[in-house]
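In the two assemblies presented below, subunit A is common to both, partnered first by subunit B and then by subunit C.
Take a look at the complex of A and B:
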């Protein structure tokens, strides 16, 4: 039997050995890049040359004064609108599938499916839906005589972000739904039944008994959505490359092309830090709001 | 409450079916057209059924031209290496944090929580230079190493399971002279299996669907994974829709099948991850 001292030695050895690799990975690929990003944001650097020159706050000033960046950022709000709609639908379908209904597990499995699909495949699949010539949507519109509606969806600066927002909704509604559904299932059925026995209608029971019980999860989903819309990247990157004429750029597609297309790593770092700051502010607000509810 | 097909019951099913139709419509169109030949595609409406669902020519053409066999292989290697490493390291960290008290425990936990606030995609500008510095650029190791690390969500799932493994088991084993390493190997790791199953499935889906890491760090053609090989194929033949349909399906279907088989674990992982 190991004595007290040797147990302690054994314990310390185990802690060091077991944490060595994980902490090295954490340091190399998460902590160091985060700090290096802060450092780079004060530099002018093309990403390759050994020379980095001090730029002070110039990169940040540029982030806040550059109109193109703000225009791109404003497109993120289109996604936010679709994201809020996506949340409402997620809640609606969660309520639906939480009620007694035949085949509800099958419905859940199908409605969640887009979330686990490969993002690149989904993007190109919708390219096929919204393509102006061969696309199934325009074929359908021509078929029912709505020829004037059959526009070039990705070519229209007015519609392009809404099309991408819709695709985001298509892919992520199931995620919201599944989270809401788990929350609904944790609402004790006794209190709902008690309300019904007291004469509350179905709608009243939902509004006054069920929803107040899941406010925390509604908040959680909303904040997940807000952060998700700040980080929109894949769809415009794959489908429009920010076009036409920058109409579908988002903050992150601008950041990535600033770094990897225009080799302006300092500027891109300042943009990344700005975005991270925005995410932390949003999460901070969430913590604050959640705590207030908790009391 | 309406259990059967009263008016409200019917309405519920109607609403659910509309949603199902919207979800299924785009993949359905792909299925119709992936089986059409080039001339058949150009002459028929996209909504028309193909002459035969046994015409697999597009699929075999795509397999060769887009080098999907190689892409599946590369993806599989990365998934196997990263998932095994990730589970090993994840259970180790959870064991240490869940069972022992030590000086820097709070700091370690805090570090994992802190980095979870920083979206990984935003730090790629800096990670890029790290990968370069380690000479991992354009190797499969870039993806493996970047997917190896434990995330907070994973830690929470493991710690939650660990709490439910009675400490008396550890103590009884220790009485019989087992070392801590042995306790981890023979008690903790096997009893964490349900959590591991969830994490393996979620992680596999994550890596399979990841586009950004392979796109950024493994641009060499011969290292292309499923996502990047589809991107390459699309830039070459985006106008050959019948081929693109087949290619998209071939990338999409494996993970959908995996999901259908292991949905229980997928939902467990998603719900655990979100609500924590």
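Take a look at the complex of A and C:
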């Protein structure tokens, strides 16, 4: 039978056959759940009973009216602040390690190492570091006489998000750095040299020659950071579980408890969709800003 | 360019193949387990079908086949639970009980519930009462209804769908050595004595009252005094009658006030926000902390942390100065049989065996759900020598659950907030949320 097909038909058949499996997988594991999520966000459902009832926009209204959810979302912006700092730090280390420094490979490995570590392991490690009574940080602070600084790090509503933000910085800075490093190495050395010969100082060369050449990569790193910080979940979930008294809840930990603690899957789905929308908005702003700066 | 395309294609294909392998493996796995459960259930179905027609409800000797038992007690699956299953299988030859220990028990079961694939015997996961018959089988024909505690907890329209696996009594657990070190001869008999003892313990450098505040769930027991003062265990359910259930001079304010006073006087852990249950067990065992208000099941935790059973005291919590006592009994996870089980006879026989014959309660120093079971643990007999009026905790009613879920009420966090916050402010904000959620739930109906 294949003999009867024209070359064109055979080609199309082949393409369809090759694409069938990946497309089916995509539909099954990405598209279907995504559409189901949208569908659920308009429903009232407790997660196990056979009946789901139509709720219309009620879930969304409640998401926007619930002050606790938005208070939790504001905590995400603390992480975002640390995330921006993390990018700056990553870029700084990348610039430093891009020079002909002694032992730079060792430094690169050390700085990248935290990223390889498992998130749960990191959480447990810092749980020990920041423990108020037995932790190494407070022991150190007591040791050097700074007793008043040795506070309950996870217990203070004011500091807890910053502590968690710092841990995310520690964990993900290496990734940013490596990406920046790769970008820096792709900047042609001729133009940098030409700038130096023309009398540009090192700082000027970086600011006016190197950075404009890697805006795309800066954009990528910001993109990753923004998504990561707005959707932060594992660290607060493992280390504080939203405590003390909800001071370290993030949008996603709230979503999880709405679904699995309060059995309100409809509203949790609406929260997820809202989060996607919020990420798109923040990313839009970021693109707008970086575009203008790049031009 | 071409190279990248080929590379991309290869990778996609590779991934597709990998995924395909994965999924086919899953499929075969699923079909294997499906046929697994289908086979025995087919044979079981015939025997189950045969036994009632042959000899009515009494089909003890005909029990055959295989059932699956899902349990949340993962740490005991390969040891004690295996022992009970072996004993059961020895008693009824030709039967097989497969134990399935589930780490994330409740979530896993909920997913299976939605998929209608519950194991034959399981620990009951709460649903609305009206949904109980949809998922679970009535257990009234076990003949245990009048002998067990908490028969109404998982009942609907007069039928019992779950039997609690153990009963817990909440009391003041204390380390006798720590009391000795602080010069305290006997456990506190009145509330004033409790505060006085706390001062002595503090002076001796011991944390008077441990809470494991950070882990939150350990705080739930502190609502007991509120129910003692209220006079019955309907406090949480009676909230539905009012728009302002939380008042400072009411049961909630007075009951939680005990914990709050302890906190305000510095009688809890130095930094409550980092006090975890893991650490608390060790501190109680070592005498760094002296008391905790918690269920009797925690006694075995202290023993496994190295405190001798003789040094553990367990008495009712004095919630006022009257010298009369009350004790709260709470249920635990309940045994249940799936409504879709293919071998209900065997599943029910197994539940009966676990409750009556397994010896589970003695092995784990817990209290059997059977009212007539004699308690051998000295801590429990000591507790009972105070003649406390025992109260059975109630299930949260459906309409209260609906409102609480609507307002996203977290009872643990509530106790935490009252303890460290300004009681009036905390109550005001909860009353406001309660009233709004109640109105919106009422409107939805």
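To be clear about the criterion, the second predicted complex is superposed on the first by the 258 of 295 C-alpha atoms of A that agree within 3 Å, B and C clash if a C-alpha of one lies under 4 Å from a C-alpha of the other, contacts with A are read in each partner's own complex, and residues count from 1 in each chain.
Rule of thumb we're sticking to: a contact is a pair of C-beta atoms (placed from the backbone, for glycine too) under 8 Å apart; a residue touches a chain by one contact, two chains touch by 3 or more.
Everything numeric here is computed off the predicted structure, so don't read it as measured data.
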If we overlay the two complexes on their shared chain A, which of subunit B and subunit C does A:22 touch? Say first, second, both or neither. both
Examine A:246 and indicate which partner it touches, taking first as subunit B and second as subunit C; both and neither are also allowed. second
Which superposed partner A:36 touches (first subunit B, second subunit C, both, neither): first
Look at A:117 in the shared chain and tell me whether it touches subunit B only, subunit C only, both, or neither; answer first, second, both or neither. first
Taking the superposition on A as described, I'd like to know which of subunit B and subunit C A:283 touches: first, second, both or neither. first
Subunit A contact check, subunit B vs subunit C, more residues touched by chain B
Counting only touches as set out at the top, which of subunit B and subunit C does A:260 meet: first, second, both, neither? both
Overlap of the subunit B and subunit C interfaces on subunit A comprises residues 18, 21-22, 25, 47, 260
Going by the contact rule set out above, which residues of subunit A touch subunit B in the complex? 1-2, 10-12, 14-15, 18-19, 21-23, 25-26, 28-34, 36-37, 40, 47, 89, 93, 96-97, 99-102, 107, 109-114, 116-122, 124-129, 134, 136, 139-140, 170, 174-175, 178-179, 182-183, 217, 220, 224, 227, 231, 233-234, 238, 252, 255-256, 259-260, 265, 268-269, 272, 275-276, 279-280, 283
Subunit C residues touching subunit A - in the complex, by the definition given at the top: 9, 12-13, 15-17, 19-20, 23, 107, 110, 113-114, 127-128, 131, 134, 214, 216, 270-274, 405-406, 408, 410, 413, 416-417, 420-421
Mind listing the subunit B positions that touch subunit A in their complex? 1-3, 9, 12-13, 15-16, 19-20, 22-27, 29-30, 45-47, 89-90, 92-93, 95-96, 100, 102, 108, 111-112, 115, 117-130, 134, 145-146, 148-150, 174-175, 177, 179-181, 184, 205, 208-209, 211-212, 216, 226-228, 230-231, 234, 238, 241, 244-245, 248, 251-252, 255-256, 259-260, 263, 266-267, 270-271, 274-275
Touching residues on subunit A, where the partner in the complex is subunit C: 18, 21-22, 25, 46-50, 68, 131-133, 152, 154-156, 241, 243-246, 257-258, 260-264
